[in-house]
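Chain lettering (A, B and C) follows the sequence in which the chains are written, and residue indices restart at 1 in each chain.
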Amino acid sequence: MSSIAGLIEAINKLPSELHSKDFLLTWEQSQSELQQVLGIAETLKTMRAENIATRLFNSGLGISVFRDNSTRTRFSYASALNLLGLAQQDLDEGKSQIAHGETVRETANMISFCADAIGIRDDMYLGAGNAYMREVGEALDDGFAQGVLPQRPALINLQCDIDHPTQSMADLAWLKEHFGGLDKLKGKKIAMTWAYSPSYGKPLSVPQGIIGLMTRFGMDVTLAHPEGYDLIPDVLDVARNNASQSGGSFRQVSSMEEAFDGADIVYPKSWAPWQVMQTRTELLYAGNDQGLKELEKACLTQNAQHKNWHCTEEMMKRTKGGKALYMHCLPADITGVSCEAGEVEESVFERYRIATYKEASWKPYIIAAMILARKYARPGDVLAQLLREAQPRIK
Amino acid sequence: MSSIAGLIEAINKLPSELHSKDFLLTWEQSQSELQQVLGIAETLKTMRAENIATRLFNSGLGISVFRDNSTRTRFSYASALNLLGLAQQDLDEGKSQIAHGETVRETANMISFCADAIGIRDDMYLGAGNAYMREVGEALDDGFAQGVLPQRPALINLQCDIDHPTQSMADLAWLKEHFGGLDKLKGKKIAMTWAYSPSYGKPLSVPQGIIGLMTRFGMDVTLAHPEGYDLIPDVLDVARNNASQSGGSFRQVSSMEEAFDGADIVYPKSWAPWQVMQTRTELLYAGNDQGLKELEKACLTQNAQHKNWHCTEEMMKRTKGGKALYMHCLPADITGVSCEAGEVEESVFERYRIATYKEASWKPYIIAAMILARKYARPGDVLAQLLREAQPRIK
Amino acid sequence: MSSIAGLIEAINKLPSELHSKDFLLTWEQSQSELQQVLGIAETLKTMRAENIATRLFNSGLGISVFRDNSTRTRFSYASALNLLGLAQQDLDEGKSQIAHGETVRETANMISFCADAIGIRDDMYLGAGNAYMREVGEALDDGFAQGVLPQRPALINLQCDIDHPTQSMADLAWLKEHFGGLDKLKGKKIAMTWAYSPSYGKPLSVPQGIIGLMTRFGMDVTLAHPEGYDLIPDVLDVARNNASQSGGSFRQVSSMEEAFDGADIVYPKSWAPWQVMQTRTELLYAGNDQGLKELEKACLTQNAQHKNWHCTEEMMKRTKGGKALYMHCLPADITGVSCEAGEVEESVFERYRIATYKEASWKPYIIAAMILARKYARPGDVLAQLLREAQPRIK
């Protein structure tokens, strides 16, 4: 990693626009905003490795709202809060329904009197998760403007129906580390491909997040999936536009082989078709359990026709030099390990196991960087102060 | 708000009697004790607004025991602990039964080896909640006296069957802020009135807390409810005595209109009759689920006869200048918003929405003030120390 | 208690071998390692009593994994983390199955990016709990060696199928305090005996922990239980070997009376036979609910034949001078208090109630000492630094 002082210098050269807006979709952020988050994350990670405390908050709460089960994201968020000195407090609303109107406004204010960050995971309901976050954000703006809240908490999207920005930014930080810089990503070929899994209903946010972000850096992004496993059309438009602006490319193919051919990076992962998620959302709203069961059964049957979408050693041989970097947001469905037939062959996964752990290790720092960038007008200055004080994290 | 130094000076002029007793019912506290809590709360709130850290504890646990669901009180308590530097730890005992004897003594000690505060919400069982808190308090006294505990944790009543002191004190702090001082409350007319709600079994602690506290400050307190929706008789006696001593008044009426006429402040809120809560307690002890269902049905039918107890624009016109301050502990049952027919009309609530949020915003500081007053013989001195050190809360 | 400086001096005289190994079974630790943990625990407890902060970590997480219900151990662990400045984060995996292989490796790394301690309670599955901890430990070693983790978290055994080292070490600290030194334990007679309880399936880890540890200090250890209530044979071997090396003794008897005769210390407590725990483990793995119910019924019937294994006043008269120290890990099954017929008579328990609370009060400090000894190569030096700085815990 670079020297901390050098990292801070680079941060200070970027405009600090994140102080006044939430980071809810990577494609709403400017290039310099993305670079700022990456730079802050690397600074925090290096500081921790060098036993320099990064406790910016003497006290303060970080709220978490998980509308879906989560272990990895939960721990990453808790770690990010702890890095900054915030204490976690969980809001358990149940998963049954998405709240609206006064309930959202009131709850957002009631939990925020002493809150500096609110992280929300809400990926169950297509069309609702990201919208809910924006509604919370407006309630916080209003509460702050009206003098109800002494501070405007940073709002963090911990995964929604559209994007998974803490995951895709952690993936980007890992690629930057692995290849030695953002500029090294230009022209690299990445294959974001569907893969078979014996489970159903996995969110769209990871593949959408990847094609929406990696097209920003001049990469050649290939999205591959069987017929009918479409992503949200709007996000495909985003990826196309990004690619044309960044000098990269974006294409869709319907065979894993084609996507893997000559790839520098592969990201084989299961997801449910967009149309299925739409139907599922309607059934969830209607409380139609029987319909949900039938949908699951139909989807699993459909999935089972595509078991050949499998990241095998044979498939890996097609990649550049047979040595593409394998990525996954974890946990992967590993054939013969976590299931009978899954996304990836055991020997492939095993070879890249430590790499996927390192990929994941960026997430706490990315989340902390998003909070820091939202709370401070001059994030470089406050990091420089931490460096000057150099309090040891462990005595 | 006043200057911090001025607030501390005022605190120092009051005797510090709270150091040696728990704050379990407002009417067990002297006038100067109430003022001390208000003064400390305002000092802490002002310090936070001015980014001065209020972390008195380098480490220490704050325990929470919630025997009923709670979001707002849970977050207020967590915020209060965090303000002071304590980490929250939840004791989840289940709601089934109230423990007694050795179980209470043992548990109170086992959770308190490193605890500086214990907050309990226990409002389900009439005759048992406040008594349980006292039993815990005695166990803590004994554990401390015998050398088991290195400190006596502050015991905080987060709502019981009799009183809701953190709510009523937050309400009082809000009235003090809104009207510009405690002395300004003298002669103000407050209407604590029942209102229709489509739900059942709401605790008595809010209306009891309000009439038990607001009668202390020379206010003209009117309690209004339909026939049969009585509060605990002992608390009515408390309110009468308070009023006669403070130079205010306390009266009971059976029409919302009468209570609203000329009122400066209105607090329309649903509750279940005292006698119903008594029956419900017996059924809960007996585990009589069928009886509980029948009771609920009977009560909802009874409630439905009083839908005209509704805080409408028409009703508000009866208040002083048509502009009484509307108060609520939240969440309110808003007609056409959270239910078909409820406690308050949407346009009325909307006009006072931000006011109710500000009312609620006092709760974390009131709870922190109660802990601080219980732990320090000279609370003004320790606040003065915080002011001198002036550590920034956020770097 | 001794002076803090004196305690630290004694710690510095001991080799610091715990820095490079986990404390998973007391009999894997050398005599000086046990003494080091006792010494650090006493130092931390004395510092807290003298209001000296023991916050070694400016930030960092302590993870807890409870695969069985727990209140006392949960609070002790939370207290230990808080004493050192770590924030608790609970991993809730459910109790259903013991994970293996990649799931364990991955989870151990995913939760540990910012973790300094991981405490695990896993006592349900005979043959699996301690083994699971070792698997986690190896995953942490690997993650640290490969650069995934910036630190190797301390792994704490909060109770497994074999040992309960935080309990037995807390018990030992209490005996050291009560009798005035480890050397005073030489020749003391301790009776670890089975006692009747109306519940079933209590773990073996406490009696096994006691006979495995107390035989290290020249004590005369008697294990007493009805025919068929055997402990794991390997642990009996451990106790025998320990006794022969320490100059103490270990014997097994089949009557409570015989064990109590002339005892200095008695520890009457229920447990399930080893063979029953083995069968139960197999039924749990097979998900055989009917079999589990039948096993429970058979065991309760068997237990009921031994209600005379009861720590009565009559029984206590057999002990040395009628005044043996009564010990229990709590909660005890007290006849006429928590059950109709149980482990101990009310008057006996009441006389030693405060003593059992003091016994328990050591646990947070023992756990904190284990973490500290694992994280620091020179624990005495860091304690000396805390003493020099002498930050007040409470302002």
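As a convention for this text, a residue touches a chain if its C-beta (ideal position, glycine included) is under 8 Å from a C-beta of that chain, and two chains touch if they have at least 3 such contacts.
Owing to the predicted nature of the structure, the values given are computational and were not obtained by experimental measurement.
A.B. asks: Look at both sides of the subunit B and subunit C contact and report whether the same residue positions are involved, with over half shared, or different ones.
C.D. replies: Different-residue interface.
A.B. asks: For subunit A superposed on subunit B via Cα atoms, how large is the rotation, as a multiple of 5°?
C.D. replies: 120
A.B. asks: How big is the gap, in whole Å, between where the Cα atoms of subunit B centre and where those of subunit C centre?
C.D. replies: That gives a centre separation of 41 Å.
A.B. asks: Would you mind listing the residues of subunit B that make contact with two or more other chains?
C.D. replies: Each of 87 in subunit B touches at least two other chains.
A.B. asks: Quick check on the complex: what are the subunit B residues that touch subunit A?
C.D. replies: Within the complex, subunit B contacts subunit A at residues 48-49, 53-55, 71-72, 75-76, 78-79, 82-83, 85, 87-88, 330-331, 334, 337-338, 349, 353-354, 357-358, 360-361, 363-364, 391-395.
A.B. asks: Quick one: in the complex, what on subunit C touches subunit A?
C.D. replies: 56-61, 87, 89, 91, 101-103, 105-107, 109-111, 113-116, 143, 146-151, 375, 382, 385-386
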